[in-house]
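Lettered A, B, C and D in written order, each chain numbered from 1.
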Amino acid sequence: MKRKVCVVITARPSYARIKTALAAIREHPELELQLVLAASALLERYGSVVDVIEKDGFRVDRRVHMILEGENLVTSAKSTGLGLVELATVFDDLKPDMVVTIADRFETLATAVCASYMNIPLVHIQGGEVTGSIDDKVRHAITKLSDLHLVASPSAAERLARMGEEPERTIVTGCPSVDIARACVEDGHEAPDAFAFGGVGAQFDLSNGFLVVMQHPVTTEYQAAYRQVRQTLEAIDRLDRPTLWFWPNVDAGSDGTSKCIRAYRELHALEHVHFFKNLPPEAFLRLLKKSLCIVGNSSVAIRECAYLGVPAVNIGTRQNGRDRGPNVIDVEHETKAIESAITTQCEHGPYTSSEIYGDGRAGRRIADALSAASLSIDKRLTI
Amino acid sequence: MKRKVCVVITARPSYARIKTALAAIREHPELELQLVLAASALLERYGSVVDVIEKDGFRVDRRVHMILEGENLVTSAKSTGLGLVELATVFDDLKPDMVVTIADRFETLATAVCASYMNIPLVHIQGGEVTGSIDDKVRHAITKLSDLHLVASPSAAERLARMGEEPERTIVTGCPSVDIARACVEDGHEAPDAFAFGGVGAQFDLSNGFLVVMQHPVTTEYQAAYRQVRQTLEAIDRLDRPTLWFWPNVDAGSDGTSKCIRAYRELHALEHVHFFKNLPPEAFLRLLKKSLCIVGNSSVAIRECAYLGVPAVNIGTRQNGRDRGPNVIDVEHETKAIESAITTQCEHGPYTSSEIYGDGRAGRRIADALSAASLSIDKRLTI
Amino acid sequence: MKRKVCVVITARPSYARIKTALAAIREHPELELQLVLAASALLERYGSVVDVIEKDGFRVDRRVHMILEGENLVTSAKSTGLGLVELATVFDDLKPDMVVTIADRFETLATAVCASYMNIPLVHIQGGEVTGSIDDKVRHAITKLSDLHLVASPSAAERLARMGEEPERTIVTGCPSVDIARACVEDGHEAPDAFAFGGVGAQFDLSNGFLVVMQHPVTTEYQAAYRQVRQTLEAIDRLDRPTLWFWPNVDAGSDGTSKCIRAYRELHALEHVHFFKNLPPEAFLRLLKKSLCIVGNSSVAIRECAYLGVPAVNIGTRQNGRDRGPNVIDVEHETKAIESAITTQCEHGPYTSSEIYGDGRAGRRIADALSAASLSIDKRLTI
Amino acid sequence: MKRKVCVVITARPSYARIKTALAAIREHPELELQLVLAASALLERYGSVVDVIEKDGFRVDRRVHMILEGENLVTSAKSTGLGLVELATVFDDLKPDMVVTIADRFETLATAVCASYMNIPLVHIQGGEVTGSIDDKVRHAITKLSDLHLVASPSAAERLARMGEEPERTIVTGCPSVDIARACVEDGHEAPDAFAFGGVGAQFDLSNGFLVVMQHPVTTEYQAAYRQVRQTLEAIDRLDRPTLWFWPNVDAGSDGTSKCIRAYRELHALEHVHFFKNLPPEAFLRLLKKSLCIVGNSSVAIRECAYLGVPAVNIGTRQNGRDRGPNVIDVEHETKAIESAITTQCEHGPYTSSEIYGDGRAGRRIADALSAASLSIDKRLTI
């Protein structure tokens, strides 16, 4: 009797954080994969990552629409509640032996509460990290509901132990996103033609290097989203280098971000910037590996780029507290500081690879851990 | 401008845990009380504690129906989701400066998630304790979402510090339930006539001593609820002493408990047992103070009865891990063990008062803490 | 390729109205039955009709918890909304070719709205009738959403035509409840021992005749539910005849009814009354056939009892406007009038059978109609 | 004691259908206006009509987020269910004496069900019309739940009577949208500068005449939305006349429409087309009055333009069955047919005014009717 492992993916960036584990679970002789796609993972304006996942050969068992339109703090709370209502039906239908939730987005708490209230062992990927915003509260609350922690780094494991988690419930697997990065480095394939992936805006020559931008709105600074992305837009505009800009996730405030980008585009030519909703992770990483610098506040800059050695300019507070490799320069939301840091990084060029977020073999380790783990839901505080 | 303090009460037992604080908030010159009654606090079959609260002179600002019928694990999860959907509307209407959630029942996580997702400072009453069931996961998850912890005991405060909570966010206030116990002892009033409070079953003479039973179903042992309460029913039946039995809360499994009690009553005379849905806290405590022994798995036996010195027979795992005064004997769900422990306690008689859950002045301390606290929602893990 | 017919049952009385059709659908070579149990059909305190249905050999495909506790007008509205949210998931999973909804209870509108919004042909059983309360609004609103009407009587069919429904979308099948009544008459089996079905209250000799009571709260007279059932209780108490009393459905106000019955039982002996939650339809009908008179406001008194010739005392407004056979005496909610009408009916004895609600072959006709019907959802008003 | 009239507006086009009535209710000595904004009326990507309404001086009492992202048939059903859950809270808070719902959009059924289940008299604006799609089912279902019908035309009133509505519950008021049209004609103001209202796309000279396009996706033809709007885009592209294009509502399929428009714009210059999200009704009507022709499937073309005499090209089935003045030419979704009809209408020029949808005094008549109407919710079918 195979263990049924139900993985809930709620957003585009979570897919990169789990993809190699999905493949390893599917191929593991003692595991059966149940895949639930929910929230912005289903939505076209966030890149319909569900389509990418199906194209990668995974069967989607359930689709859960749960995002209430409005993109403010009230709808974030309500959407999470709806997710809880909907996921209870899903788990009751699928009867998984364990549920896997990824990282710390607001809606992932619905997965965690639902599984633990239904007495299904809960597995958390990427617990034990610290970033310094509402994400921290979500992540640590999920930790307290979780029965098994599969973490990216030894420092995360130590933090969980200090928080009172039983040490035998924590396993350092590394982050699956680094697996993809490793594979992309090792297979020696060329970076794809970015413009073949659609998007909007000008097209231009990338052969002399280019920037990558990913900037998400920061939940607790809702009002400021418009102003913040404007600083980045101006810096990019001034630098006048070829730039691939990736659209933000669904979050309170993303309308502010989107609106600012749209408004800016109407008024400024931005002939060296192309905007994308989504790319397959491998394509994205190959482009990233070739890029001069990644700009914004994405965790990709901290995590995959540590391994890849890609220079990063990290803006604002979103990644505060997260362990950093040598490749990161931190700046405020301030046009000149952003511009100057990008210039510094472009001059520096690639960094040496760092393994602080894994050695590129996390997927298999995760599948093995899921297969071997105790299914006990009776957890005790060790402190 | 007074601080608006929104207190959400979701069940009968929570009222005793907050009542003196409600009064102190209402009378505090710098605080304005907003009172939300939700979940089983509104339901007649759990004693409509809302009516008691209004009779005590508190104005109820909002009523939130959120309990989905069915009383199983699926409906517990869905009810919590609905609570989250509904409370977002309430908080958006009332615009509180802080939200207070009490203890660790499943539906209180809805309050906690909602407030934290809406960037409203969250205050948790009774964090830092350990009991050993799903309640632990709920309680510690709420801790991680909370911005201020008002705890019952120094050992709870220490535990929060070890979990990484900033020490300045934790204040030892004692438990308000002990305030009521203290007042009941100090005012010298007589215990009321129990039978004046309705209920069903035989009536009998209480003047030679009587037992009190409160036994809740244990969420993670859903199937066993029927069998467990049956052991207690048989012990009480055999002991043949006057007994006041209080009905359980809404919880996955309470149908099992209710059904067993109803079925047992149809077949057995139980002429020395009277069943109640609810009593005003003071009336309950005065009766408790006069009782020979409290039996079951209620935290009242551990908490108020420590202060009151009432002998307690605690059955099963529900209170595992909670600090105990000298008044408690623990037993399994086993008729003979229960019967024997009750006999021992009746022979022992009253214990000396213990202050491990407070000195009876928690309400005022809580109001002062709410008035003085920082409203910062930017919390950092200290470990 | 068989047509997938999804039948949604939300309450105990609906099962009798569809049971023979379920069997006929299951056995039809061109139909596949999908069975969804929802709302009070799942709840123990309304008799868990789901268990009866499974015992009858039907497989339940989905269970939908949707009743919010509270039993007032607000929770009726919210429960219907939740049903709509949940049924959308069910229909999306099951992908039925048509959805069948039964009669006019408040929560059935959720089924109707959901199917029509999802472009699934909607079949309504028991449209075109008139009863004179909120049920009328619900029933006629469902008519307007429905694509096929399978009605109990020619007068119902005529009414639908006058309301502008295309005549080819209406088929007179008779009511399946009469099929069961017919079978119970024709198979010559004895009535079962009522007390073998549990329930609470006294047991007594039924061989010299007995009364049957079924009284539901009337939604738009919420406050009056307590007072109304009290009139019936007093009449039954005074008559002092053996009485089998069946518990009401979930509805706004049923708490008033339940509470009154419980309160009355605590104060009065009622040694000739036994209370039941539920009986299998056949057992119920065999008992009914043997009874002296049915009392209350159930449609069984109007419908099955027309065919069976059982004398009926119909109280209050709930059945206003429904076609009646000769077996019915109508009275107000008034103790003396109820008492006197019951006495008259007991003296009269059985009536001649009437076929105004069908000839007992509805189930097969319904299955044939579902198999043959056009699946067009483009309906036009003919008036 | 003034009657509290709660009006629920769920979308941009509904505002034009109620605006003059809102003003008349607000000023009526015996009425108090309660205004609830819900669904797409709150959403920026549908033009945030809530902002327009507040700018017009109306106070918004409650905002109800209810639209689940996804824009397919499943989310339409779920969104309606959520609306029902949320509106029950709103009506319970506001305690209106009557609730007003407008027209026939899918989510308006939530308003209707909620009010009728809560025993609040329901008033329907624009019942009795016929258009031939799912809107018909919604509209007629609302009719059956409604206690008062305020209709646009005598033919609508006659249809309601034939459907069995009590004649004294129907009043012909005309459509408030015509009030605005009348005022715009009578006050003699100039049409505003369209480009001052934002939007995206080219700007151009309007002084030699221009086209107006409003094309909504048709719910039951979800898959075809993309293809349909493409036909219109090509016709407009070929005609090469100045064109003001207004964005569609939230509906299953609007993503198809939006996506097609975005994709077309990326590939074709469309230098004579400007795209708008929203305009104040008066500004829109003044522009419309000056336009050569309105193109698409909006009811504005049928209704206001009858009064204004603006030539209209109505595409596809969305307005099937609606009474037409002489100003309309109907065509299929076919580029050449659309192009040719537009040319014909431009050559014809303005039509004579028709009063089939009212004489321009509906708002005041509606307020008077609300003030004078019986509040009875006991409706009887007259047929």
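FYI, a residue touches a chain if its C-beta (ideal position, glycine included) is under 8 Å from a C-beta of that chain, and two chains touch if they have at least 3 such contacts.
Model, not experiment: these values are computed from the prediction.
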{"item": "Distance-maximising chain from chain B - centres being C-alpha averages", "value": "D"}
{"item": "Which of B-C and B-D has more C-beta pairs touching across its chains", "value": "B-C"}
{"item": "Rounded Å distance between chain B and chain C, as computed from the means of their C-alpha atoms", "value": "41"}
{"item": "Mean-CA-position distance for chain D and chain B (Å)", "value": "52"}
{"item": "Touching two or more other chains - residue numbers and ranges from chain A", "value": "74-75, 78, 82, 85-86, 89"}
{"item": "Residue ranges of chain B in contact with chain C within the complex", "value": "40, 42-44, 65-70, 74-75, 78, 82, 200, 250, 255, 259, 262, 266"}
{"item": "Residue numbers on chain D that touch chain C, as the complex places them", "value": "73-74, 76-78, 80-89, 91-92, 106, 109-110, 113-114, 116-119, 130, 132-134, 136-137, 140-145, 159, 162-164, 220, 321, 377-381, 383"}
{"item": "Touch list for chain A against partner chain C, complex", "value": "82, 85-86, 89, 93"}
